[in-house]
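Can you keep this structure in mind? I'll have questions shortly.
Lettered A, B, C and D in written order, each chain numbered from 1.
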Amino acid sequence: MTDVTLKDLTLRYPGAEAAAVADLSLRIASGQITALLGPSGGGKTTILKLIAGLLRPDAGDIAFDGQSVLPLAPEARGAVMVFQSQLLFPTMSVADNVGFGLRMRGRPKPEIDRRVTEMLDLVQLPGFGPRRPAELSGGQQSRVALARALVTEPRVLLLDEPLAGLDAHLREEMRDLIAALQRSTGVTTLVVTHDQEDAAALGQAVALMLDGKIVQHGPPEALYGEPATAAVARFFGNPNAVPGRAAGGVFHSPLGPLDLPRDWPDGPGLLTIRPEAITLGQGGGNTVEMEVATTAYLGTHTRLTLHRDGVTLIAHLPPDAARGVEKGGRVTVGLPSRALWLLPDGPA
Amino acid sequence: MPGGARTFLLLAPALVVIGVLFLGGLGVAVLRSVGYMPLIGLTDPSLDAYAALLSNRDFYRSLALSLHISITSTLIASVIAVGAALLLRRGFAGRGIVSFLFQLNLTVPHLVGAIGILYLFSQSGSFARLGYQVGLIDQPGQFPALVYDPFAVGIILQYVWKEVPFIGLVVLAQMQGIGADYEAAARSLGARPWQAFRHVLLPLILPGLLASSAIVFAFTFGAYEIPALLGQSHPQALPVLAYRLFTDVDLAARPQAMAASILIAAISGVMVWAYVALTRRRVGG
Amino acid sequence: MGRALRTTLGTVLILWLVLPLIPLGLWSFARGWRWPDLLPPVWTLDAWAYALSQTGGVLQSLWTTIAIALAATALSLLIGIPAGRALGLHRFRGKALVELLILAPVIVPGIAVVFGVQTVFVSLGLTQSAMGVILAHLIPVLPYTILVMAAVFSGFDTAQEDQARSLGASPAQAFRHVTLPAIAPGILVAGLFAFLVSWSQYILTLVIGGGRVETLPLLLFGFVTSGRNDIAGAIAMINILPGLLILFVTARRLTGRSAALPGILRP
Amino acid sequence: MAKSIRLAAALGLMLTGPVAGDTADGDALIGQDWDTIIEMARGGEVNWFLWGGSDTINQYVSEYLGGILEDEYGITLNRVGLSDTVEAVNIVLGEAEAGVTEDGSVDLIWINGENFRTMVQADLAWCGYPGTLPNNDLIDWDNPSIATDFGVPVDGCEMPWNRAQFAIAYDSARTEMPPRTIAELIDWVDANPGQFTYPAPPDFNGSVFVRHVFYHAAGGVDALLGPFDQALYDEVAPRAWEILNAMEPHLWREGQTYPTSITQLDQLFANSEVAFSFNYDPSQFGLAVESGLWPETVRSYGFADGTIGNTNYTLIPFNSPNKAAALVLQNLLISAEAQLEKARPEVWGTVPAIDLGAVPDEIRAEFDALPSHPSVVAPEVLAEAALPELQAEWIAAIEQGWIENVGR
C-alpha cells in the first residue's frame, strides 16, 4: 500500500513552446484505483512517465509514502507502467515477457516459472506461455501486459489507456479484470483514460485534467452531479447552464424562479442540470414550459433541444416518454430541485 | 494477362542481367578454374589449380589475414555503430553534424578514406608528426607501425571509419522505427539500462544490424583496393593475391586466379551464413 | 548517459569522421610537406592546376566517371523498378529463390565474379570500353536498386491505380499520373545509391576497363601509388564532390528516417 | 550546357569502345612509303599504354607529343595511364587468348625486360617494321645495350625510347658519407639500423637492387652473363640470400615488411624514415625534387663497383588496330626534337635513346647545352662504371628466389 504525492510537477519537452505539465499537484490514495481523466493529448501519459521515472521533471517532486523518489532510477522505483500499446517484446515468448521483470532482478528460474504460470492463470491465459505476442489478439495482449506488470509486485501500477482500442464487450471484461486484480493485490493504481465512462467505472476516485491542470478530484458521482466548473460539466456531457441569481434558496432565472435543493449563498450564479435529470411533465418540484427546437431519436434516449427566453436546455428523455413530442410544439418539463447544481465558479 | 506471367515479365530483365553477368561470371570462373573452356581449346578438366592453391602456404596466410581483417573490422564497426546510433537517437550538441558526416561518409569512395588513413597513421603521418612536435618521438621509426603492418591495423581503421556510418544509419533507422517505449517499458519493469538494451533493444535491432554487418563482412573480406594500398608486402590479403595471380604474365596462373576467386565467393558465402546463424542464436530472443 | 558524456563522445565521433579528410585537403594545396612539418611549409595551387588542366586527364576522368555512373544508374532503374514492383507487391512461387539471387551479388565480392566476366567480355569486345564497365557496374548496383524499389513498392497501395483506372485512365496514364508520383521519392533514393555505388567502384572498373576506361578511383590509385600526394589530395577532393553535392541538394529528403530508408545501402 | 554536351559526347564516344581499325594489317605497312603511312594514319587515333604516375611525364606525353600528333597528323593520342606495365601486357594476353587478333585495344606499350620477353615469347609483338621509320637512322642498333633488351634480342619488335642507369639518392643534409660500394652499403646498414630498405621484388627497382647484391655475391657479373645456368645459380644464390637475410634485422621495421613499390620507398626517403632511395631512372630524382617531394639537398651517385644500365622501349602489339598511327607516334618519339624536349630537366631529364652522333648539329648543340639537375648524377659519370643486365630468365629466377628465401 503506497500513497503517491505529486507536488508542483513541471516538465517542458526540449524545443516545445508550452510545458507538457505545469505546476501539477495530485495525491493518489493508497490501495485504490484513481482514474486520471482528460482529453487526448493533455499530458496524461507524461505524468505516468514522470511517476515511473522514465522522464525527469524540470521542477516539483514525486513522493511515495512521503519519500521523494526522484533520485531513484525507473527500475528502482517499483512503479510499473503499462503502455497503451502494451509493448510486448516481440522477440520473446509470452512466458518470457511475463517473467521479464523477475529475470531482470535475477530471481531463480524455478521461481520465475512458477510465478509466470500463476500470473497467466490469473489473467485467464493459462497455457499461453510458449506463444509469441504476435499470435495474440488485442485483448489477450492487454492481459499479458497486465500480468507482466503485476508479476513484479509493484508499489504503484500505472495503466495508460488500458481499454483503448478494445471492442465494447472486451472493454467490460477488461474493466472487470483490472478491478478484480487490483482488489486482490491492493496495489495503488493510476489509470489514464480519455473516456469518462471508463474513468467512472474503474476509478474509485477520478481526477479530471483540463488544460494541464487538475480541475476536479473526487468520487465519480461528484464529477457527474456536482461539477466544479462549466468546463467539467461540459466534459461530462452536460451543456446546460442557466444564468441567474440565487437568493434565499431560490434561483431567479429567465426560466422563472427555481427551488434549489438547499440554501446557497446569495449572488449571481450559473445553474446546471444533467440532461437525463430533466423529466417530462411534473416532477421533483420546478416546472417550466419550453419550446421544442429539435428532437432526435438516439436509441437509448431521445434528445430534445428546448428554448425559452434566450435559454437553451438539452434534455434526454426515455423514448417512450418522448413519444408525441413534436418539433415546434411546447412542452412542460420538470427540473427536479435535487438535480439542480449551482456551479461554484459562478456566471461564465 | 495472368498474374504469374506479369510477375515474370517484370522480373525478367533483372533476372537476365544478374543471371548472365553474376551467375555467368561465376560460372565461367568455375569452368576456367578447372581448365574447361572448349571455346578456347581447353577440354581437359582438372582440379590442378585448386590443388596448387590449397597446397600453397601463402594461400592460407592470405586467407587468415583476410579473415582477420573482415572479422575484426566488422566487430569493431558494429559495436561503435550501435553506440553511435544510440548517441544519435538522443539529442546532443552536434547531432546534426554527426548525421551529416555519416551521410557524407557514405558517399566517399573507400579509396579516398584509405588515403586519408594513410596520411594520418603512417609512421611519418600527421599523428607521428604530432608525436614529434610534442616530443614523444624523435624519428618516424619510433611511431608504432599502423600501416603496411602485420596486423593490418591501417586497413581495419579504414574499414571502421567507412562502415560505422553505414551500419550506424541502418541501425538508427531501425531504432527510430522502434521508438524509445520498449526500453521504457523494460526499465519500468525493473530492467537496468544495460539490461533494457541487451534484452529488449538489441534483439529488436538485430535484423538491421545483422543485414548491414553481414554486408560489411562480405565487403571487407572481398575488397581489393584497400589492402592493396595499406597492406604489407607479405602476406597479401586474399583478393590481392587473386588479382596478382590474375595479372601474372604467366597464363598458367590464371586458372589459379579463377580458383582463388571461386574460393573467395564460397568462403564469404559460408562465413556470412555462419555469422548470421551464430549471432541470431547468441543475441536473438 | 549524461549529457556531458554524450557531448564528449559525439565530439570524438565528429573528429574521427572528419579527420581522414583533413590531410587530403591540406595535401592538395601543399608542396614539400615532409616530416616533421605539421603543416605544409609552402602553399600552392599546383596540384589543382594540374588536376583542372585540359591535358592532365583528371577532368576527362571526371566526365568518364560521371557518364558511367549516370548510365549505370539509368539502366539499373529501368530494370530495377519493374523488378522491385514484382518483389514488393506480388507473391509467387520461388520468390525466396529470386530474392536470394538478387541479394547474392551483395554478399559475393566483386572480385569473385569479375575474372569470369572479363574472360567473356574480352571475346565480346566489351573490355576496355565504357559499355563493358557500365554492364559490370550493374552487378553491384542492380541489387541495391531492386531492394530499394521493392521496399518502396511494398508501401504502395495498388488500389490507387485501380481507382485511377475506374476514373478512366489508361494503364500508362495511371502509371504516369498516380504510380510515378507516389514512388518518385523512392526512385530518387534508389538512383542516388546506384550512382554512388557505381561512383566508388574500383576493381570492376580496373579489370573490365583495363586501364582504358580511367575513372577517378583508378586515377587516384595511380597517383597515390606514385607518391604524388598533392595531386592525389586534389583528386580525392574532386572524388568527394558529387556526394557532397547530392547531400546538399537532397538534404531535406535524406535527413532523419529516410536517410537509411533502405537499410540495405552499400558499405 | 557546354558541360552536358561534353558529358553526352564522352558517353557516346565511350559506349562505342574500340573500333576495328583500318591499319590492323601490319604486313601491308612494312616497307610502305612513309607519306602513305602518314596518310593512312591521319584522322585516326592511337592508344598508348604507359606508366602514368608522373605528372610531368604525363604532360610531356599529352601536351607535347599529343599536340604534335594532333596538329601535324590529325591523330588523336589516348594516353592510358598504368600503375604497372604488366597490366597492358595482360590485356594483350587476354585478347590473344580470346582470339581477338585484329581489333585489340592496345596500340603501343612503354616496355622492357620481363614484359618484353613475355610479349615476344607469346608472339604478341608486331615485328620487322623499324626500317620503315625515317628516324630509325638515329638508332644505333650496333650498340648491344640497344639491340638486346635484358638479354633478349630486340629483333625489330620494339623501338628504344630512353636509356637509364641505376643510381642511389641521398639527402646531403642528413647523410654525409654515403656508402660508395655494395660492400660499404652492407656495413653501413649494420651501423645504421632502421635506415635502409628496398622494395620487395618483383617491384622493378627492388629487383634491380637485389641483382646488384647478386652480382656482389657472385664476385662480378661476367660469369652470370649469357643464358640461365641452374648450377651457377644454385652456387651463387645462397650467398646472396645470406647477405640479404643478415641485413634484414637492420632494415626499416627490422625487415618484417618491405615497401611494395619504389614510390613507397621514395615516400619513406622523403619523410626521413630511411636514408636512401634509388632508381633505375635517375631523372626521377630531379622530378621528385622539382615536385617538392624531396628536399633540394638530395644528391645522387652510382656505386664505384658499377650500376646496372638498360634501355626502355615502345612496342606495338600484334593486334593493334591502329598500327599506322602507332608508327607515326614511334617515329615522333625517337625524333631528335622530341628526345631533346624530353631531356630537359624541367620536362623529364632522361637520357636520349638515339645516337647523338647522328642528329643535326644545331640540335646536338642544344643537347650539349642542357643544364643538368643538381640532384641527378650526370649520365657520363654513371657510365664510367656501368654493368650489363642479365637475361630475363636469370631475373625471374632471382626474383622468385628472393620471394622464397628472403621475403617470406
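To be clear about the criterion, a residue touches a chain if its C-beta (ideal position, glycine included) is under 8 Å from a C-beta of that chain, and two chains touch if they have at least 3 such contacts.
Small disclaimer: the values here were computed from a predicted structure and weren't measured.
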Treating subunit B as absent and keeping all other coordinates fixed, how do the remaining chains group by touch?
A | C, D
Count the C-beta pairs in contact for B-D and for C-D, then report the pair with the higher count.
C-D
If you average the Cα atoms per chain, which one ends up farthest from subunit C?
A
Quick one: report the Å distance separating subunit C from subunit D, using the average Cα coordinate of each chain.
36
CA centre of subunit A versus CA centre of subunit D: separation in Å?
90
Geometric centre distance via CA averages, subunit B-subunit A, whole Å:
56
Note: subunit C residues in touch with at least two other chains are 34-36, 119, 123, 221, 225, 229
Per-residue multi-chain contacts in subunit B, two or more chains
124, 140, 246
Touching two or more other chains, which residues of subunit D qualify?
87, 97-99, 264, 267, 271-273
Considering only which chains touch which, how would you classify the arrangement: line, ring, star, complete or other?
other
Per the touch rule above, enumerate the chain pairs that touch, sorted by label.
A-B, B-C, B-D, C-D
Contact residues on subunit C for subunit B in the complex?
1, 3, 6-7, 9-11, 13-14, 16-24, 27, 34-38, 78-80, 82-83, 85-87, 90, 92, 98, 101-102, 104-117, 119-120, 123, 135-136, 138-139, 142-143, 146, 196, 199-200, 202-203, 207, 216-217, 220-221, 224-225, 229, 232-233, 236, 239-240, 242-244, 246-247, 254-257, 259-261, 263-267
Contact residues on subunit A for subunit B in the complex?
14, 49, 52-54, 73-75, 79-83, 85, 87, 89-92, 96, 100-101, 103-105, 148-149, 152, 158
Over in the complex, which subunit B residues touch subunit A? Could you list them?
91, 181-182, 184-193, 195, 199-200, 203-204, 206, 284-285
Using the touch definition up top, name the residues of subunit B that touch subunit C in the complex.
3-4, 6-7, 9-11, 13-15, 17-19, 21-30, 32, 37, 39, 83-84, 86-87, 90, 92-95, 97-113, 115-120, 124-126, 128-130, 132-133, 140, 158, 161-163, 165-166, 169-170, 172-174, 176-177, 208, 211-212, 214-216, 218-225, 228-229, 239, 242-243, 246, 257-258, 261-262, 264-265, 268-269, 272
Once bound in the complex, which stretches of subunit B touch subunit D?
40, 58, 123-124, 139-141, 145, 148-150, 231-235, 246-247, 249, 251
